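The first chain written gets the first letter, and so on, giving A, B, C and D; residue counts start at 1 in each chain.
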């Protein structure tokens, strides 16, 4: 692999793209990029255009020789690509706003990945992700697909299950955890052995070792007293239960609050409906960001981008691209095929685990046995994911209902059926596999 | 085993005892009982006395030669016993009333076995059950312990794990399911192959075959349209989701409503707090029953007993005693060691499964693989049970909290800690393994 | 199922058939057979004709109304059949003679099922068995196929894996074990709980209980001192190692001598080559039997049949047919799908296990965990079987070599390749899936 | 860890020790060794003395400041040690000579680890290794034990199972494989991703990737045509079966010849008994080596040492010590706790796997599923190892016999019992846990 690289970004109109471009520019010495293709659909054109202009300015300022091309013709873009970065958002931020509203209306936890909003997102996203991967099978079968489209774990699993495309899923959650720990320990990455394991948005730090010493107990106590130190920007401060955290002996990712403190995180029916959901907040931040991006004098990544939850996302993508291209053997936290890394999960499912990255991809470290209750939670959520993937591919209302019924942060029963009905009706255009007749059966108990 | 039998009933003051006595009398020909010892503690003395007098009248009327002895001296009673029937209720009905009140106050599902009320019951009951089994190890090491003290599955597992006593756990839930199916199919037990599997109060009918024909689809449709036909007396009529039941392709036991329709079964905060809980209802029925039992002219089991939820309980105990004593090889549904009957559960945990009963005990039929989501639910609840057992034995607040946090019908977080705190404070006298200091730590988030 | 039955026997020219007919005649009251079709190929015509004439005389003498038909037209015979008994021997006794000669020449254990002779038999038999099952899919899709064609376990697994036909595999090995134990304990089947588990020709008695008492230790001591009491007719007397048997705490079937005393059972190169193999002995017995069968005055099963190894074979087939037809629920030892009965084996492989027989088929008792070394042996031999089945279906020389290399009673290396080469050349006509070119590659180390 | 290191070598009289010393001297910059303690027992005193003198000369020539101490007082040596290298040979080379002679006499494969000679070695070695580890628990509980005493896998497992000492087992087999592959590909370690997995002396290369390209097919073809390129010095040239190697799609280690070509590797009874065994050859080489070591002018590791099979052994030990001390994160192939690295093996057994080495020890890469037949072989040999370890600890003749009966390269039966009897009698002094009475029972079939 000594040739110049063609890199394609799908969903280039994302507000994260400037970070990605910055990362590529910074790695000029090790990643010889010839062409950077920015792809977005018509609906996102205006944003993509802003990003494109900013990209041109950033490339020029950096004095990089790569060519930047903006297009909505995915086929041309993918032809003979080397790396494809997928970061599209199916249905845009509007769909997320609508899904979260339905969830809130039914008093359900309205979070992007693990609950009913995550299911809706998966139903919309998986078919598109599969389309892209199938196009890649024809146009660039050897290319790597670096996926950071959410729900990243499910999307990666669907692609690996249904196509022959090499793909790794990325998420910034483990990166934020590691960065927080580095800050708390006041050290650098090479002095820390930091191993995570679990599923996307459902991970635990399994090892936190500084020069061979176990720092887990210390970090847990810090997480109990100063939890805000360890949270991503997009998660409100909250407290862990000291008893639970000491029992656990593992640092949970912030999304585990939905499982460990579900009572406290659920919208309180009466007053919370008027409070904006995370989707609304995100929408507002995005509007502001694009205003900044438009500034013709701006030719670097602006600081304001760091307010978005996705910090480190694009940095991870660049680091991963570099690790693969240069066969570095560094350890990264990625979504990849289990093949026994986590015992007790299906051999061919996708897990999020610390892995040695070589040119051939991810080689996970094996994960020591989880405590039995944690394993049950992971197994349950993996089954939720697998039922959801199957529902998305086959348009099965029954499987979607089973997935949600199993999910421990969701209450089952007639209200759930009604909520699912609204979600499916709302997303009907984006999920052609689903049939209106099947949806109509939801919520009817007797017949 | 050609000798006369000594049978001991622990918790003889139960309102179910007349059914048990009736069952023994009816089996005079096959079960040669010499002595029937009725044991109860001082607190239940007045009830036990009523039962004892009724028993004397019933035995006399039946013309049976067995001697009936009432005592609160468990040691004398257990000496050289052949069968011990355990049906005591730790803390009496009052404790259940109090536990259910706390659950209702916190808006939690207030049911006897799978939720926080079940946990409280287990914490109270397991230490006593272990005391009995350890006494048996000395006084009647070869005797069979037939346990129908709730939570039957956890109690059976604790005894098998901690002692050398042979025990089988009984529950009327599978019996009621089978009887209902027989009624719906208008047939008799010998023409039906009916196999159940799961955990106590968490079972599914896995096979319903009439002369080799699969009747599951027919029964499921009947369960959708006429569910009341299949419910035990102590469970209010409710409807299954047709979509879910058809997806499942297995008949769930009534307690699964708490998992399949949790939304609908949870007490509605506003008005349900005034509604009597099941424990209150049971208390009222019991009072009436003992009034009837007192009648000096009553010398048979009265019809009113059938209003209690436990119908078939004592009948099952008699049938099981007979199957063991006479090595019959009939199939019964019992709680016994898994040893691989249900794949995906620990080898040495206790499961509730259809088994061939021989003089050596239960020989379960192997269970075909459960659908993945059902398996996850069973695994999760088994882990809930095992954490609960360990908490009960070691007095561990942390394990009790982990058990409840994992339980999918219970919401986690600060309210849960407060609810558990109240439950543990309430039961402190009955659970000496727990320390007040540990309990006090519950509910405090930061320290 | 209240109709008269059509029963078909494939390989009717077997010397065992009179026992089968006797069994059917004895069950006149419970098995209402209308027609008995005797099917054999042209090559076995003369034997089938003798059997047919004897059958006519036996039916007449018994006064049974069933019609007996002899044919080589399998299609007509199978049409609307209710039970099909498969007992053909692919290639006839001659093929077995030849296979065993090659095995002996290379100093290999020459036994019918677990070694290279068993592999050769499987390669010849499985394609024919699949042909029959596929014909049944068209002509009698609801019929039961009772298979006692060897290797019974592999044949049953191949049929269940590749077709939709309901089938159970039978073997007389567990029946002989149980009968021997009954004789030694001087009791009858209803007083004994006798559970076996393993693979065909690789089973152990797991439970030997008489009225609830564990008789395993006693039986093992008897097996150590008087082993001849427990052997089938076709296995020469040999001694078990007392140390090994006491370690094992399970009664092994006689075929396990090949694994537990391989040194002693292997033909001694120098003098054993002249000794007749089992196949030669069988051939001689068969010739004598058919002379007897020809006697026009013979109208019952002759005593001499009991000298053949297969005693109880046909009796088991009749008993199984009756148990299915009449939904009896009795326990029999059959080859059926594992579905978790033996933990540590694939979910969908075939195992030989004690099972409750209902109209819907076999419902195995779950098997307690095997000692680790025994489990490893079972797992290894199951993998041998599965590689063999795949080799038979795909004509793969490489898989056949892998199967034998794994098999612990076979030495691997260049001589093995030469032995396999001869076996495959010898059987080339009967195994059309294998290609001569692939066979020729065997034995060449470098190229 | 910024302090000077105390390193202890147990079995310092080994002919490998000069390589170890050379390795330590070469790492002066990264491994600040203060004291090097050479420990050996009285019987090996003369060899240890020669090594000691050579060590003094080597250290002086290198100008290293470390102090070298020779002692037979293990207690003083172990006190506050940082690293302990265990390389003793229980019973010395003489015991191996005798064991191999018995094996040859019975026509058994006479190799040091996997067969009866390996079992004998384990029975002698494990008790001593446990003594050392228990001494370390008192004298240097935080020290690392780097074990290259054979059988390395079993010794490591015994120590991890029975003590709290941190230990890793080393073997040169994977190192030789990797070095051979580097030579064949004409590349360097940093460009190759080379992953092995299995058990000690039973491993396969699972990944051979050069810059992301799969080189396995190429290496396998080279192994077929030029196998001598890939063998350790102590293994005679032999050929792999091309069919088998292409089926396997993994590069087997040289010891797998005993499993893949057992026929060809077994001593031919007639003429091989006079041929010297490997042990005799080793003995001769050693005598020559010590003659060279004595030379007062020698002050570096002599070239002749490379003729011994153990090349790379001591180099690996030094590299591992460095990786731990400096927390390097490099990948090495070590014996460590499985914890799910290889699926299908016990969670707490020891496996030989490629691992990231940090200051906290080995973090194995997870291993993709083995082909089913290979897995069965690994599982079987692990059970052989575990029975052997248990036999060694408890002095159980029955378990030793079971271990050997299971082992597929060993024929079972009466001759095996006689061979084991001789082995145990021969080693009786070195294995005090075994009782003469139990040994005497071997070989007696009836009693």
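The rule is simple: a residue touches a chain if its C-beta (ideal position, glycine included) is under 8 Å from a C-beta of that chain, and two chains touch if they have at least 3 such contacts.
Just so we're clear, the structure is a prediction, and the values are computed from it rather than from any experiment.
Engineer: Taking touch as defined above, what minimum step count separates subunit A and subunit C?
Structural biologist: Shortest path length, in steps: 2.
Engineer: Could you tell me which chains make contact with subunit A and subunit B both?
Structural biologist: Neighbours common to subunit A and subunit B are absent.
Engineer: Just give me the whole-number Å value for how far the CA centre of subunit B lies from that of subunit C.
Structural biologist: 45
Engineer: How many angstrom lie between the centres of subunit B and subunit D, each centre taken as the mean Cα position?
Structural biologist: 56
Engineer: Where in subunit C do residues touch two or more of the other chains?
Structural biologist: Residues of subunit C touching two or more partner chains: there are none.
Engineer: Using the touch rule from the top of the page, what pairs of chains touch, sorted by label?
Structural biologist: A-B, A-D, B-C, C-D
Engineer: What does subunit D use to touch subunit A in their complex?
Structural biologist: Against subunit A, the touching part of subunit D is residues 1, 191, 193, 195, 207, 209, 211-214, 324, 327, 329, 331, 339-343, 347, 356, 358-360, 363-369.
Engineer: If we count contacts the way the header does, which residues on subunit D are in touch with subunit C in the complex?
Structural biologist: Residue positions touching the partner: 224-225, 239-244, 246-247, 259-266, 372-373, 376-377, 379-380, 383, 386-387, 397-399, 401-403, 405-406, 408, 411-417, 441-442, 444-447.
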